[in-house]
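In what follows, chain A forms one complex with chain B and a second complex with chain C.
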Partner chain A sequence: MASATAGAVPTGRQLSVPRWAWTLPPLAALGLAFLYPLALVVWQSVSPDSGGHDLSAYGQVLGSTVFREALLNTVVIAASATAGCLVLGFTLALVIAFVPFPGGRALSRVVDVFLAFPSFLITLALLFLYGTTGIVNGLWTQATGAANGPLDFLQTPWGVVLAEITYFTPFVMRPLLAAFERLDTAQIEAASSLGARAPRVVGRVILPEALPALAAGGSLVLVMCLNEFGIVLFTGAKGVTTLPMLVYGKAILDGDYPGACVVAVVSVVVSVALHTLYRAVVSRTLPASGGTRAAAR
Partner chain B sequence: MLLHGKAARLIAQAVFLVLFLPLFALPFLVIVVASFATDWNGALPSGLTVQHYREALGGDAAHALTVSLLTAVAASLVALLVGAWAALAAHRLRRAGRGVMDTLFTLPVAVPSVVVGLSLLVAFSKPPLLLNGTPGIVITAHAVLVTAFAYQSVSAALARLDPACEQIAASLGASPARVLWRIRIPLLLPSLTGAAGLGFALSMGELSATMMLYPPSWTPLPVSIFGATDRGSLFTGAALAVVLMATTLLVLLAVSRVRNRASYR
Partner chain C sequence: MSVRFDRVSVSYGSQTVLDAFDLAVEPGEVMALLGPSGSGKTTALRAVAGFVTPASGRVLIGGRDVTALPPHKRGIGMVVQSYALFPHLRVDANVAFGLKARRTPRHETVERVARALEMTGMAAYARRYPRELSGGQQQRVAIARALAIRPEVLLLDEPLSALDAALRSAMLTELARLHRELPDLTILYVTHDQIEALTLADRVAVMDSARLKECGTPLDLHRSPGSEFTASFVGGANLLPVSVSGGTVRFADAELQLVAPGLTDADTATLCVRPHRVGLGDGPNALRGTLAEVQWRGATHRLVVDVAGHRVAADVTELRDPPAPGTPVTVHFAPQDAVLLTSGPVREVARG
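Up next is the complex of A and B:
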């Protein structure tokens, strides 16, 4: 109370601008460079080239098989990659946190540095490793004398899924490791001294504690997978069209801007809805973490 | 300790390494080795060469590196200014106002980068604001994408800041501007430099929005990496990728040194 009045007196005397006015310059910048262009995309999507304003572009695009295939591809790839990231991230985080070995933590920090690198480098590396003229296939043909190697999946959706799992798993590991750090180890000791074996301890003690972190990491990865463009572009597969690829193809390759805007609006709606869900999950987990910290005092 | 038997622990660690190394360590190692290889379709590369680097750094690609560096520096500085200003202004608002600012400034993360590119193309292709075809449109796109991260990292740091310092300064008669300049910004310096480094790294590797709107005269490094691999010159692409990773790491290292000095002060 005292600090509030002490702060209010000089503010009232010296600062003639109201507090909210300071938000105007950055809001204007954001509005001009982001919100206004985004509104124009929505506007463009209801303004066909023939003039006037109607929803005809939506009918055409949403009814086309190209769009429906792209939507299906996007959802299947994103869901599979997210599931893979959750399983892999949980396993790896579990070992780092509860079966520690020298260098394990350092390794997980190295992974953080990788996140500073662009995603498409993963696809580039996978092309060297598993591509049709890559290392694994080369070894196979040298060993067996066959004309072609056994691996030819990089140009399929599974190549994209593998690359996305590799790139996005750290995003699941980070919140999990933070959650495991807050976990009271006495619970684990108690459970195992009462005779619970490791799988039971993981299922009954660790997993329930990790669920909020898993939900937060999983929904973030899902959003990022839905919007991933670089990995899909670098696989260069004609058969793998996702929504971002469709936006790029329609606008840049076909010059069909109204069509591209329709696809863009659809993917923005899906993505913003999921991201809102993610933020709700994160803000629900935050009070819980505060409580644990207070309890650990 | 979850596993008590020594054998069980060894198995868990072995599983970890078997999953971890091929997935995370191998990809970047492969790119680095491939960039020096003459050809590689066996266990080991056929021969060593620096030819790919000579190709990569002669002419066009050297230009691409300069373009990427200039874009990343400009975009991260603009994003830092806008993001930090917005976070500082939002911090002084009431709960509802802060919520609106949070939603607006994290929105660029939720919108697909390709759509950010498309929207700028739609908005700035005709007068009065004709940015299409100029470096400005690439820098604007990167700045929009990076601002959200700058905002998040500065507002997280603000939430952790001890209000006592600025209250003491204000009670001793320091004006709000002086409190901001002498107390808040110095205390926020580590997070500000961190945000700048993150923004730089993200901008260096940005491909999605860039593919939508780069003019031929302003081709950033990720686009030339895509160009090389699309032509089938995977090894040149690898050399360019190593240049990209090395530059990003060097700048991050420099930023973290500045950051350590800032937090030491």
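Up next is the complex of A and C:
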């Protein structure tokens, strides 16, 4: 007995690393990869080219019309695209999961592949199809002899919204399809046998169960839309300046690094604020059952 | 309301899961569909509910052909093994679901929900979520939800199989009480448990391999099974290979006396004797052999006797000094306790 106890002591000592020490490696990685660059951006935003440290760059940028338009564009485009993704994603996931049709399972796998595509690929495809010199307009001018085709929306904010909906919808569908797979189909059958038609079954049985997944997909898409750069750049939308585009313009084209950093800081604040607001709204609408509410967080 | 299956067949691809199923359930009757897994009993139930579309045949409820009718128009209550309660709704909202779907006036909904919960003993749990209830309580809520819409047909698909033995027994009593309170309610009860079927059902439809094997009252099926399968599935049975020749039935060189009018000669037939009808010691139809196994079952002993290479089980009242395995013993049974089965292949079975 004594020898066993004596033998156990050194083993315990070897493993007695203070618990807080385990947090150091991830904290160091987080600090180096994320917090330090962020701190640099914030520092640069209060370091004007004229020297010293003040908030003059904030005054200049926040007071400009270009910034206010970019902020409005960013929020409107992101909110519209997120709403579109939620509606389209929920509908498509519903069809794939619950309406039996040949190739449904294969289509579900295509969604996974779609997630890996770069955003510019989708935008490029939309340009080929619906651009001013795209296939649809080409067919129209050939058929009618008109000088221009009817489609000229891709370079407007709505063109950007369409491209973002097309690209980001699978990000809503993936968690939804996973949630639908977990749904007990007996619940749907029970609802039907109780007299519920399809819209009531969707609204009262499927949707409440899918809300956590819908919330997760929606918040992801919202943040991604707020910071989307490639799609806006590729559509070449005239007059559609968003915050990421403004950062690019100020830093690369104008060489105004403090101004670019101010916009970047605002962009981060807007992203975090809108994301927090979205989560707050969603958690209020989630059903009160502990399991699903916990899953949404 | 009556339910009738008119040669209903259901297939999944090339596999037939219900084959020309014919059955008529009378209004107010409790009909148990009893069979092993894959026998087609749940498929038959789902055909009534409208969740599977028959490849051929018709389903009639109250004389009306409902084969093409969607589930929400059939007016049927259904309770499944997993309860299928809506987890985001409280108990009262779960029970009110069907009434709201049918746009029942608000005051009537409240009244009927209260009545259904009271009937199932769940009135005190109305504001709970399903996850806050035990399995038995969830089952009661599922039954209350199905009854709230006042269906004329109630479908129960293995409703007790997720419960433990004590709770299952209590729920069986509850279901029997519910049916006494609602005598007009026609119940189709799917189970693989013979005790549930024998306890609750007015009639039992025995199913195997997608087909209806036999249908009758529990007593008839137990005392006079028509086939080897029914005999072994409805209660335990000794199924012994016998030969019939010149009006005489022989088993292992012993001539047996049976109450079986109009015996026709057959090289192979099966004799069914329930183990609890087999007695220890000398008597009519005595069979001598060697004791192969002794099992103590509390109130009874099961003795398995080897008679000329065939095993005969006897359930006897608990013995103070049971014989040891290997001891020569004699067992017997009364002529009226044996049933001669002349159809189906001979398969020696002694099931508990």
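Just so we're on the same page, the second predicted complex is superposed on the first by the 237 of 297 C-alpha atoms of A that agree within 3 Å, B and C clash if a C-alpha of one lies under 4 Å from a C-alpha of the other, contacts with A are read in each partner's own complex, and residues count from 1 in each chain.
The criterion applied here is as follows: a contact is a pair of C-beta atoms (placed from the backbone, for glycine too) under 8 Å apart; a residue touches a chain by one contact, two chains touch by 3 or more.
The model shown is predicted, which means the values in this text are computed figures rather than measured ones.
**Student:** So which one touches more of the residues on chain A, chain B or chain C?
**Tutor:** Chain A has more residues touched by B than by the other partner.
**Student:** Does chain B (first) or chain C (second) touch A:S192, or do both, or does neither?
**Tutor:** Touch partners of A:S192: chain B and chain C.
**Student:** Name the contact category of A:V111: first (chain B only), second (chain C only), both, or neither.
**Tutor:** A:V111 contacts chain B only, not chain C.
**Student:** For A:E209, is the partner it touches chain B (first), chain C (second), both, or none of the two (neither)?
**Tutor:** A:E209 contacts chain C only, not chain B.
**Student:** Would you check which partner chain A:A29 touches, where first means chain B only, second means chain C only, and both and neither mean what they say?
**Tutor:** first
**Student:** Considering only the touch criterion stated at the top, classify A:T133 as touching first (chain B), second (chain C), both, or neither.
**Tutor:** In the superposition, A:T133 touches chain B alone.
**Student:** Touching A:P37 in the superposition: chain B (first), chain C (second), both, neither?
**Tutor:** The answer is first: A:P37 touches chain B but not chain C.
**Student:** Of the two partner chains, chain B (first) and chain C (second), which one does A:R68 touch, if any: first, second, both, or neither?
**Tutor:** Touch partners of A:R68: none, neither chain B nor chain C.
**Student:** Which chain A residues contact chain B in one complex and chain C in the other?
**Tutor:** 192
**Student:** Taking the complex as given, what residues does chain A use to touch chain C?
**Tutor:** The touching residues are 184, 186-187, 189-197, 200, 204-205, 208-209, 287-292.
**Student:** In the complex, go through chain C and note every residue touching chain A.
**Tutor:** Residues 49-51, 70-78, 80, 82, 84-89, 97-98, 101-102, 129, 131, 142, 145-146, 149, 155.
**Student:** Which positions of chain A touch chain B when the two form their complex?
**Tutor:** Those in contact with chain B are residues 3, 6-7, 10-11, 14-15, 19-20, 22-23, 25-27, 29-30, 33-38, 40-41, 44, 88, 91-92, 94-96, 98-99, 101, 104, 107, 110-111, 113-114, 116-122, 124-129, 131, 133-135, 137-139, 142, 165-166, 169-170, 188, 192, 198, 201-202, 206, 223, 226-227, 229-230, 233-234, 236, 243-244, 247-248, 251-252, 257, 260-261, 264, 267-268, 271-272, 274-276, 279.
**Student:** Going by the contact rule set out above, which residues of chain B touch chain A in the complex?
**Tutor:** Touching chain A: residues 1-4, 8-9, 12-13, 15-16, 19-20, 23-24, 26-28, 30-31, 34, 40-43, 82-83, 85-86, 88-90, 92-93, 97, 101, 104-116, 118-124, 140, 143-144, 147, 163, 167, 170-171, 173, 175-176, 198, 201-202, 204-208, 211-212, 222, 225-226, 229-230, 234, 237-238, 241, 244-245, 248-249, 252 of chain B.
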